[in-house]
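Listed below are the structures to be examined.
Two complexes, one shared chain (subunit A), two partners (subunit B, subunit C).
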Partner chain A sequence: MASHAQGHRHGEVFEPDVAAAIAQRFDGDAALYKAFATDCRAQFALDAGAGEAACEGGDLPALRRLAHNLRSALLMLGHQPFADVAAEVESLAAAGDSLAACAAWRRLHPMLLRLAIS
Partner chain B sequence: MLGMSVRSVQLMVDRGELEAWKTSGGHRRIARASVDRWRNSRSLTKAAPARPARGSVVSKTAATRRTGGAARRPCVLLIDDSIHFQKLVSLLIQQRFPNVDLQIADDGIAGLALYGQLQPEVLIVDILLPGIDGATLITSLRSHPQFANSHLAVVTSLDEPQRAPYAFALEKVPVIHKPRLVAELPRLLTKWLPAKQAARAT
Partner chain C sequence: MSAPPDASATGLHQRGALNVLYVEDYAPVAALVCDSFRRRAPEIRLEVVPSVAQAVERLTLFEQEHAGSGAAGPSLRYDVVLSDLNLSDGLGLEILAHVRSRGLYLAVVILTASVEDDTVQGALQAGADGYVLKRDDYLAHLPGALHAAVQGFRSRYETHAIRG
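Moving on, here comes the complex of A and B:
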């Protein structure tokens, strides 16, 4: 089995491979995927704010946990490239590299906002 | 009073969440006022239901005290700081186990307190948690006599090599990798919960 859902691009906007995510992560339950995705969109806006606050406050443990949780949620939804950025933030925050972690976060932030309004 | 083990309370003192001092004989004493403050702060921060719906109670309340008796619904306690996965587990349980009472704690300390209060049939614990991690939490819970009456599952996004530092607590515990949660959690709950009380409504 492929380890990750493979997405594709329409122009500049990454689209998740929903069918693969449903098959691989949701046991074929499309309704559950849809309900989860709806809940996640609302939460992504809050997560975006929480990450900003963590960077501004220098709270690397909080940024690490946030990125860790986002990585899983984004992966579940089939947003592999976004999950990869979240993994980068998590790894850099775990290593204590505040500057690099927050630089990576600033790449993830607009992605979350885009998902929140999609 | 807190429904927690001595070790858990020691950890709270070490983190400054409770005020303590030692007597001349070396015994540790906890200030009652700090315990009350801690309990009040938990009640205030855990009041909002996550997703009340269709027969299953999904809440984050620390004030609910469950009682015994024939009407008691099976209880699942989820300890996970990820709002996303709290919602996913809530959706799953509402959909497939509508008569199960799901309670949620955002961190290990709140989870320990809720565990003592609820004595759930099933406990689902994430490994990476704020405060104390899931492995330490499990070790602490094992000192509770009533823990023998609960089924335990661990959910985590960590892959197997990343779980190595927590292996001391994971022996003989089913570990669900979060990407497999939708497929694997319902199987465990079906196996562990009383069928007539927990099963899907038709």
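Moving on, here comes the complex of A and C:
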């Protein structure tokens, strides 16, 4: 994964602010970040399916918990824009707005799949 | 509150060593925290469980062992419970309530991503010995927070015992 001074976009693909994430959240420990990123890639593939199931089954509490966990993980990794979408899903699910929460989830879902195979 | 177990049961035979029951249901975060402790604070050992139910199960076993029924002595050695606030089957506050209602000689620290005052105040009013916000550099602060929580808990316990 490339390191950048600031998070930015290459075309449609957001590049995380890895250097800042390592410095701010991992106390400069790049190996710790790398291990976490590897674990997250495997988890995101599972989460993508779990979110779909939660929306299809109308399970807003499950969608809220999932989005809550994703928000923290994405933020740790330096994916601020993705974390913002996860926060939106969490907030809408907490408010009980199923349609809006799942609409926001549909935006987050491809992001997770992309990260899972990155 | 029950009497504190002897030093060999709590891991205090090793200076600064802490045994932690860590409750976290998101696997990458649990692995990250364990990895971070291995690198930064190897004197702190974590046992991870992913749910309120499994935490209560372990704490019940801990309580039974420390009641002195086992001839071989306790195999579960915890000094502190570190629990995420939001778990798949409930809240970390339920684990805190269990520890306090059973009078277990354990400090409790709550991990939360919420900065809302009522969440933090609620945890402290319910008897938490500390809380850590999942913010930027929380991994670096966790070992110190756990040591401080255990020290504070034991100090309050001793003060209470002397007055009581």
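By our rule, the second predicted complex is superposed on the first by the 112 of 118 C-alpha atoms of A that agree within 3 Å, B and C clash if a C-alpha of one lies under 4 Å from a C-alpha of the other, contacts with A are read in each partner's own complex, and residues count from 1 in each chain.
The criterion applied here is as follows: contacts are C-beta pairs under 8 Å (C-beta built on N, C-alpha and C of every residue); 3 or more make two chains touch, one makes a residue touch a chain.
Computed from a predicted structure; not experimentally measured.
**Student:** Quick one: classify A:Asn69 as touching subunit B (first), subunit C (second), both or neither.
**Tutor:** both
**Student:** State which residues of subunit A lie in both footprints, the one left by subunit B and the one left by subunit C.
**Tutor:** 24-27, 29, 32, 35-36, 39-40, 43, 65, 68-69, 71-73, 76
**Student:** Quick check: in the complex, which residue numbers of subunit A touch subunit C?
**Tutor:** Contacts found on subunit A: 24-27, 29, 32, 35-36, 39-40, 42-43, 65, 68-69, 71-73, 76.
**Student:** Any idea which subunit C residues touch subunit A in the complex?
**Tutor:** The touching residues are 25-29, 31-32, 35-36, 39-40, 86, 88, 113, 134, 136-137, 139-140.
**Student:** Please name which positions on subunit B make contact with subunit A in the complex.
**Tutor:** The contact residues of subunit B facing subunit A are 81-85, 87-88, 91-92, 95, 128, 130, 157, 178-180, 182-183.
**Student:** Once bound in the complex, which stretches of subunit A touch subunit B?
**Tutor:** 24-27, 29, 32, 35-36, 39-40, 43, 46, 61-62, 65, 68-73, 75-76
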